[in-house]
Each structure stands twice: as structure tokens, then as C-alpha cells.
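Next up, some structures in C-alpha cells.
Each of the next two complexes has chain A plus one other chain: chain B in the first, chain C in the second.
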Partner chain A sequence: MTSRRHRRLWGRTAVPYALIAPVVVTIALILGYPLYFLVRLSLQQYGLFELIRHKGVGVGLANYRSVLHDQIFWHTLLRTIVFTAANVALTMVVGLLIALLLVQVSRPVRVLLSSGLVLVWSMPVVVAVQVWYWMTNFENGVVNYVLTHLHLGSFEQHDWYASTFSQLSMVTLLIVWGALPFVAITLYAGLAQVPRDLLEAASVDGAGAWMKFRDITLPILRPILLILTSLSIIWDFGVFTQPYLLIGQSKVTPGNFLMSIYLFEEGYFKSDYGRGAAISLLMLAIVGVLSIVYVRRMVRIGVET
Partner chain B sequence: MKPRQLGWDALGIAVFVVMVFPVFWMISTAFKPNDLIVSLTPTWIPLHPTFDHFTDAIHRPYFWTDVKNSLIIVCVTVALSIALAFLAAIALARFGFAGRKLFVVLVIGIQMLPQAGLIIPLYVVLARYHQVNTLTGVIVTYMTFVLPFSVWTLRGFLLGIPKELEEAAMVDGSTRVGVFLKILLPLMGPGLVATSVFAFITTWNEYIFARILLNDQSKQTVTVWLSYFYSTNRHTDWGALMAASTLTAVPVVVFFLLVQRRIAFGLTSGAVRG
Partner chain C sequence: MKRRSIAALLLVTVVAAAVAATTSGATKKANASSITVWLQTDAQSGWADLVASVNQKFQSDHPGTTVNIQYQGWGDHLQKFDATLAGGGGPDVIEMGNTEMTKYMAAGAFADLSSSKSGFDNSGSWLKGLAASGVYKGKTYGVPYYAGSRVVTYRSDLFKKAGISKLPTSTAAYTADAKKLMAKNGKKGFSPIYIAGTDWYFGMSFVFDYGGGIATQVSGKWKGLLASPKSIAGLTAYKNFFAATSRASKTTDETHPNPYDVYAQGQAASMIGPSWFSCCVGAKYKGSTAQFVMPGHVAGTSMPGFLGGSDLAVPITSSQKALATDWIKDFTSTSSEKTLQAKGNIPNATNLLGSTVNERAASRSWFVPTAKHWVDVENGNILRNMLAQILTGKLSVKQAAQSASDNIASVLNQP
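For the complex of A and B:
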């Protein structure tokens, strides 16, 4: 009897572990081991020669010192922070405005606009980059034509990739365009939670549109806004494909590096894997700090349910 | 209709036009003859559409090889990830166990790792085991993010299935395996399909790892093929580039439209109810 109960109990507790074991083991092998290796790598001189020989030379913290004494690293970090702030602010503000617009428009327009948003959402990033580059091409890009014909100035043969600021602005437009659908549609779903009668009661009491938004809608949207903002910060800080391909088609230089491109060029492209590993760990640490808000909130949801 | 409502609707349509324009312009260019493409005055809709750019694009070197590579990578990654993730998702949705919180942190935390930060370690480790320039290396790499994503999404679908069904079956004498096969698996059909499709899309769209791990042109994926398309000749063949872009996007768009409603909220689940 006791042995049977024992077996049952044991069977009960073992089941969840048996279920997660395949995932845990796989992740330990394909991610845990490389991350452990990354730490070791960052303490070694490790280039192409060492890659072939399978053995690095320990150099202590030299890689970190080299990175932290690199002017380009600090300039890149600052540029990436400003770039991220601009992208996230634009995405959140415009996304919220589109979500509010979705509430105001009549049904057919709402269906039209939200289908359009889903279509944009589904575009693969590499495809979007190619289309963007074609539209902003200086010779016969449609953007120059439209801006000129809207009498916003003379944009004939205007090269949008001539200066760093202009290049990064193009990348920002591309990223914000791609991110808007997710943000707008999620916020629109959140707006459905705002009780109608509460808004009507507020109107009866003489509250204006802005007051209703500030005192009723915004507090209800707060948790969603928080999650979306932290997700956008994490994504935009580590963004690679859009700047690499869009600027890369003209030129990526230390003058317009973003963090992940700096990492790619210094570590992978120059085959200086040790130094690249140090940059990777610094970047992972920064993103780790940035994700605390999001991860904590999601973990609470995951643990409660 | 009130003028105020008309104003909102006009604004809504304007936003629609601006947002959708790039997609429209891609398709429009893909069907245009070359003289209309390079003309300084753009033609909005080609009245005599041509399919030449599409035939040109698919006859470019390595197109079909790279489509095949993408399909192999996507199918293996998704099949393996979903099978393993489904088991773990059951553990999360149905069992309380010591270390559960740690596992949740792992599943969510990994999804937040910036891909660029993983280039160096994955490249060097895969090089050590001679898996650079192989599809296996890319599949393994993709699983690092598809696995946690699938666990989390499938968990959400499982929570939508009432526990009582399984408990009733257990009372009736079903075994755990019986419950899994007869109740969970059929009810999870839509969830499994939706998660697989979403995993398919992420994997198909992935660029950075494929770019780094696959050097051989005959081993590359479609996104890498498309990214190199531009630099194949000095004068860009915009028509062919847009046709190639359209072809790359079509499977993704179709799949995305099918599952978007079911899955889009996984990342914010709990924050948005319903």
C-alpha cells in the first residue's frame, strides 16, 4: 500500500519534469552552451587563426578594456539610445492615435483600415527594406516625386542617404511603419475594455474629450502601454536587419553604426571574435536591464495562470 | 451622415492609403514594363501588366535552390520545435512544480535576447562542430527562439481548454496518455496549427543568422537571396527586384492573414483580455 502510494506520488511529481525535460535539455545545448562559451571567448584573443586551431589565448579583461576605451563604442551607444528613443516615441504616439482613430471611424472604414494594418504587419522585413529602398531611390523614387508635386519643396534627385541623420531617419520611418500595426491593433483591443457608460456618464457631467481620455481611457490602457513600450525599446535597441540592409546598400560606416551593426562589423566581419564576444556581453547586459519591466510582468502572468 | 463622422472617415482612409502604399507600390512596380518604371512621372496602376519580371526573377540563379533550402529549414525547425514545446506547454498549463517560475523566466527571457548578441557565440560554436554552411546549423540556431515562443503560445491555447474535460476522463478511468491522445490533441488542433504557422513565418523571414551561417550561394535562404538581389548588377532592375520581393512575401502574407487573430496577442497576453 505504502509503496503504491509512494509510486503514485513519485509519478505525479515526475510528470511535469519529464514534460519540460526535452525543451530544457535542447535549450541548454543550443543556447546555454554557446552563452557559456561566449563568456570564455570574451576573455580570450580569438581570431580566424584561433577559430581553425579551436583554441584561444587567455588575455584577461583586455577585450573589455579595448571596447570601453573605444570612442566608436561610446558614440554608437549614444546614437543607439537616441535612435531607440525616437523610434519608440514615434511608434507609441502614432500607434495610439491610430488606435483612437479606429474607434472613431465608421464600420466599413474600420474594416478597411485594420485589414490594411494587418497586411503591413505581415510584410517580411527584408522585403520591406527592398521596397523602401526603391521608393526612396534618388533617381526615380516615388517619394521624391510625390513630395515635389505636393509642393513641399524641390526633391528632384534628392538623395535620402547622403547624411547620417537622413539615413537613420529613413531607417526610423521603415521601422515605425512596420511596428505601427502591432501597436495600433493591440491598443485598439485594449480600448474595447473602456466601459462605454463610464465615458457617457463623464460626458453628462460635462467632461471634455481630453479630460475623458486622460482620466478614464489612459489609466485603463496603462498596463498595455507599459508592455508595448518595453517591447519596442528591446526590439529597437537591438535592431539589425533594417539599418544594415537599408543603409548598407549605400554605406555602413562607424559614423552611422547602431549597436548591433557595430557588433557585427567589429566581431564577425573583422573576425575578431574575442572582442566581438565582449561587445555581445555588454549588449546583452544592456538589453537585460531594459527587459526587466517586461519580463517581470509576463512572468507574473505566467506564474499566476 | 454627420460632417464630423465624414471627417474621421476621411482621415481613416488617408491613414490607410499612407500605410498600404509601400505594399501597393511593390506590386504595381512588379507588373510594370521597364519604360514605365524608370519614367520620371510615375504610373500608379499599370494598364497593361506584364509578367516578365516574375519570369525573370524565378529564373535568376539559385532562386529555386534557396526556396528549397528555406522550406527544409522551416519545416524541420517548426516540426521539432512544436513537438518539444507542446510537452513543455502542458507542464506549464496543467502542473504546479518546483522550478516552474524559473522555467517561465527562461521561456520569456530567451525571447528578449537580441539576435545580434548571439551572432558571435553561435557562429564560433557551430564552426567548432563544422556546422557553419550547413542547414543543420541554421535549424539549431532557429530553434533557440522558435522553441520558447512556441512553449509560451501553446501554453496560452492550453489554458483555453477547460481542465474539467480531462478530469472527467481521468475519473472515467482514462490514463494520462489516453487523455492526451483523446482529448488534448484533438482540441489543440487549431492552436497547434496557428502556432506552427506563426513559427513558419518567423523562420521564413529570418535574415541575420542565415546571412552569417550560410556562405555558399547554393545553401542560402530566400531572404538572403533577396538581399543580394540588388547587388547583382550595377543598374538595379527594379521590376525584377519588386517581383522577387512580392514572391518572397506572398506565402508569408497568406499564412499571416490566416492566423493573425488567433496569435497576435501572445506577446501581450494577460494585458489584453480576450
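For the complex of A and C:
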């Protein structure tokens, strides 16, 4: 009896582990090994000379020290945090507004709107950057043309990439535009979970639209909002393609660096791969800290329900 | 029994030999079957026909060998190259800008071609400056490919219409002509002289014209020169010249857009750039396009121009070094260089020099500091950023120059 019971117990506890084992092993292989290699690289002097010989020289924490003593690192970090906050906030607010709109509009309009969103989503980033670049072009850009013809001021030959603020604003527009479909459609799906009778009951009790949104819709959407926000933070903090291509290599300077571009310039352009590895690990740690609040709250919500 | 075993043994030997023969033939063929060459897109838009004819000759001299040409852009070819140094699959021949060579030669990225130097046409009379960019510690790693100076490409019809009968012989005269051109072509967005704001090759020409410089080595240490009074005079002159003559973006570089595209759309009366720009001015303006040497601020002199150029090198990772060297020999032969010259480039050797506008412009030229870390200054856009700051008025000439100068010194003095 006891042995049989024991066996059953053992089987019960072992099965879940056996089931997740393939995933754990796969993740360990495809994430763990590169991560290990990255850590090793970050502790080495590894430049062009070492690259050709495939052999680095161990230097301990020198790369980390040099990065943390770099003024540019701290300025870039601050800029990237502000940039990320602006991008995530805009994405979430506008995404939520679009989702709420999707609920309200008639079926044909909803189909039209969501197909538009899916089209945006399906556009490859590099193509989108190119289109954006054309539209905001200095010489013949359609944005300058339209703004001028709407008599919103003289935008003839307006340079949208003249200042850091303007450059990053263009990048923000592009990123938010590209991120909206995912956020809006996911939130729209979440809105379907809001019980209609609850909203109706609230109306009967005299609740206004804002009150209903604040006290019914928002609490139900909270888990989804948390997931989307933490994902957006991770994406926007490390975004590379949009800023690098839209601003253009020849305009990238320490004055407009974002973290990923700083990493690219230090690691690849200067062929200092050890230092680049140190920067990327620091970035990983920062993203971890930034999103830990959200992850913890998400876990707590999971436990509660 | 014995006989049978001997027969069997013989059979095995024959089969083995046959297999060996086919495999050795196969490997030999596979090894020799192709070389990969990385050329810049300049060759693609300017002299793709030369590349094709050189490949044809090379392939007829080396039957069974194919040449795989891959065109690269200046912006990212070094990053791609670094990746192949780490992971393999790289080119057998690579075109390098003359300002990019030092860093790679110092790191040991290229094969030593000193022993085959005499096999290259005109190697005894290679252009000094260009040949020097391919030599490190007395060994030759780069074969001069071609050089180019920067000239003014202009529309003679517009000049004539504006009443300009004589080509300008000083910067001031050119500025006055630009004003005439501006008056005749009032259209918004029209530039009498299209100058990309952050075209540092042109900006630095003013610095050198006024006797300034970028950086110099003083007892083993690099010292920035951009904040010197002479350099500041040059930068101020550039700012004034740009303001009076160009309506290009103050923050863009000389490839976004390509100046010749602006010109071909009829939006510019003249432009500054490599002489091969005449290739792409559009059919409409081909007949009225001509070139002259950019005049300096002292009447009668020419403005010192950047002597750009390319070298060809064989990466250390190549498994076909001999074939690669042979291909370079064909591509830099006297006849190839003459074709390049006909396309408006400066050939790689003094005995081939003629007296075109381009070649005359090269008589007064400047070059970047030959430092291992110079390429980091270029990639870090230190000079471009400085010019943008100056032209947009974000910083005064002095402030911008001082900060760039300090920056350059610290980059060049890295270990």
C-alpha cells in the first residue's frame, strides 16, 4: 500500500517537471549559452585584434568600470528612460482609446478600423521607416507640403531632424504608430470580458460613463494593461531599428544616443566588443529592474484570481 | 584463394584511387571555383562595365573560376566585414577607403602583399598619398585602386543665363555668382550651390584653405587643431558661404539625398562632390554640365580638396589569397586604370596622370590625420555634428570647434 501510494505521489510530482523539461532545456540552450558567452566577453578586452585571433584577454571588471564612469552612459540612460516613458504612455493611452472606440462603432466601421490596424502591423519596420523618411523629407516631403498648404505656417523645407527633440519625436511617432495595432486589438479583446449586465446595472444606479470606465472596465482590464505595459517597456527601452534608420547613421551622435545605439556605436563601430557586452548586460539589468514592479504585480494578480 | 584475394585487393585499390581522384579533383575545383569581391556601390553606379570586363578577362585566364561581386555601402561595410572576420564567409578582396585602412592593418586583418607588389602594374609610381594609406610598418597591405578629388559640377546654361561669363577664381567671386543665380531662379528650394550641410570633406577644405587643420601629432600625442584661430576663420567662412549659396538641409550628409539627384531634378545650379558626379546628372542636363576646380579664398588659387581614394586588400581570412591577388592585378592594370580615368577618376599612378579638372584639383589637397583611431572620429560623426551645430547656430563657431577638437584629440589618443 505505502509503496504504491509513494509511487503515485512521485509520479504526480515528476510529471509536471518532465513536461516542462524540454522547454527548460531549449531555453537554457538558446538563451543560456549566448548569455554565458556574453558574460565571458564582458570580462575580456576584445577588439578587432582579438576578434581576428578569436581570443580575448581577461580584464576583470574593467569594461564595467569604464562604462559606469562614462558621462555619455548616464546621459544616454536618462534620455532613454524619458523616451521609453513617453513612448509607453502614448502607446497605452492611444491604444486604449482606439480599443474603446472599436467597441462603440458599428460593425462595418469596426472591420475597416481593425483591417487598418492589421495592415499597420504587417508592415515591415524597415519599409515603414523608409515611408516615414519620405514623408518627412526636407526637400520634397509630403508632410511639409500638406502643412504648408493647410496654412499652418511655413513648413517649406522644414527640417524635422534638426534637433534632438525633433528627431526623437519623429521616432516616437513612428514607434507608437507601429505599436498601436497590437495594444489596441489586445485591449479590444480584453474589453469583451467586461460583463454587459454589470455596466447596465451601473447605469441604472446612475453611474456616468467615466465612473463606469474607472470602476468597472479599468479593474477588469488591469492584468492585460500590466502585461502590455511591461512588454512595451522592454521593447521601447531597447529599440534600435527605428531610431537608427530614421535618424540616420551620419546624424547619430552622443547628443541623441538611445541605449541600443550607444551599445551599437561603442561595441561595433569602435570594434570594442568586450565593452559592448558589458553595456548590453547593464541594459539587461536595467530592463529587469524597470519591469520587476510590473511582473510582481502581475504575479500577485495571478495569485488573487 | 590467394589469387582471388589479390584480385579483390586490386579492385579495392582501383576503386579507392578512383574515389581519391574524383574527390581530390572535386575539392580542387570547389576551392578554385569562386572568389568573392566586395566593392563599393560607387563602382556599381559608375563603372560596372569595367568590373564586368575585368571579370571576363580574369575568368578566361583562370578557367572554371567565378568571381562573385558584392556591392557594399560605405556606412556599414566595416561592420559586415568585422562579422566575417569573427564568423567566416568573408570576401577574398575588399575595397577599403583610404581613411579606413590603418585600424585594420594595425589589427592584422589583411594579408601582406609586399612580395607580389612588383607584379602590379605601375607599382613603382603609385600615387604617394594613396600608396601610403596601404602601408603599415613597412609592409604593403593595400593596393591603390583609384583616387578622387572633389570638384564643382555646374550647369553652364544656368550660369550663362545669369550673366556669368567667366568662371569664378575666388570663393568671394563664386559667392557673388551664386547670388546672381539665386536672383534668376527664385524658386523655393533651389540652391545655386548644393552643399549638404554636414559634408565634412567640403567643410574641412575651408579649414585647410585658411591654413588650419584637424589634428597634429606633437611628441607622440595627438593635439586637436580645429579651435585654432586659422581653423575658426575657415569654419566661419564655410558657414557664411553655405548661408549665401545653399538651401540644402543644414543637418544632412552628402548621400541623403545624393547631390546629383537634387541637381538632376533641376534644383541646383552647381554642386560640390567627386568628379564622377557627372555620371548621374540626368539626360536633360548632360549636355550643359561641366566642371571646374573649387576656387580658394585667395584669388587665383584652388581650394585644397580632400584626396579621397580606395585601396584593395586581401583579408587574412581568405582561403584564395593567390587568386584574390591575381584579380586585384587585373582590376588595377594600366588599361583598367585608364578606364577609371575616363570615368572621371584619378588613376593610381603618377605616370598615368592627365590634366583633367579632377587631376588639377588634386594638385592642392589635404588628407585626414593618419592615426589608428581616425576611423572612430569619422564613424562617431564628430565633424558632421560640429558642422550641423555651426550651421544651425546651436553653438557658436568657437564653441562647436573647441568641443570637436577636444573630442577628436581624446579619440585619437586612445591606446
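Observations on the structure shown:
Here is the rule we go by: the second predicted complex is superposed on the first by the 256 of 305 C-alpha atoms of A that agree within 3 Å, B and C clash if a C-alpha of one lies under 4 Å from a C-alpha of the other, contacts with A are read in each partner's own complex, and residues count from 1 in each chain.
The working rule: contacts are C-beta pairs under 8 Å (C-beta built on N, C-alpha and C of every residue); 3 or more make two chains touch, one makes a residue touch a chain.
On a predicted model such as this, the values are computed, not experimentally measured, just so you know.
Looking at the shared chain after the overlay, A:251 reaches chain C, while chain B stays out of its contact range.
In the superposed pair of complexes, A:268 makes contact with chain B and with chain C alike. Of the two partner chains placed by superposition, A:218 touches none, neither chain B nor chain C. By the touch criterion stated above, A:54 is placed in contact with chain B and with chain C alike.
Contacts of A:209 after superposition: neither chain B nor chain C is touched. When the two structures are aligned on the shared chain, A:228 is found in touch with chain B, with no touch to chain C.
Set against each other, chain B and chain C touch different numbers of residues in chain A, with B touching more. When the two structures are aligned on the shared chain, A:110 is found in touch with chain B, with no touch to chain C.
Of the two partner chains placed around the shared chain by superposition, chain B is the only one that A:295 touches, whereas chain C remains out of contact. Overlap of the chain B and chain C interfaces on chain A comprises residues 51, 54, 139, 249, 268.
Those residues of chain C that touch chain A in the shared complex are 75-76, 79, 82, 85-86, 103-104, 106-109, 188-189, 198, 247-253, 255-257, 262, 267, 316-317, 376, 379-382, 384-385, 388, 392, 394. Contact residues on chain A toward chain C in their complex (touch as defined above): 47-49, 51-54, 138-139, 156-157, 159, 161-163, 248-255, 265, 268-271. Of all the residues in chain B, the ones that touch chain A in their complex are 1, 5, 8-9, 11-13, 15-16, 19-20, 22-23, 25-26, 29, 37-42, 84-85, 87-88, 90-92, 95-97, 100-101, 103-110, 112-125, 127-128, 140-141, 143-144, 147-148, 151-152, 155, 159, 176, 201, 204-205, 207-208, 212, 223, 226-227, 229-231, 236, 238, 241-242, 244-245, 248-249, 252-253, 256-257, 260, 264-265, 267-274. Residue ranges of chain A in contact with chain B, taken from their complex: 13, 15-17, 19-20, 22-24, 26-27, 30-31, 33-35, 37-38, 41, 46, 51, 54, 98, 101-102, 104-106, 109-110, 112-113, 116-135, 137, 139-140, 142, 145, 177, 180-182, 185-186, 189-190, 192-193, 223-224, 226-228, 231, 234, 237-238, 240-241, 244-245, 249, 259-261, 263-264, 267-268, 273, 276-277, 280-281, 283-284, 287, 291, 294-295, 297-299, 301-303, 305.
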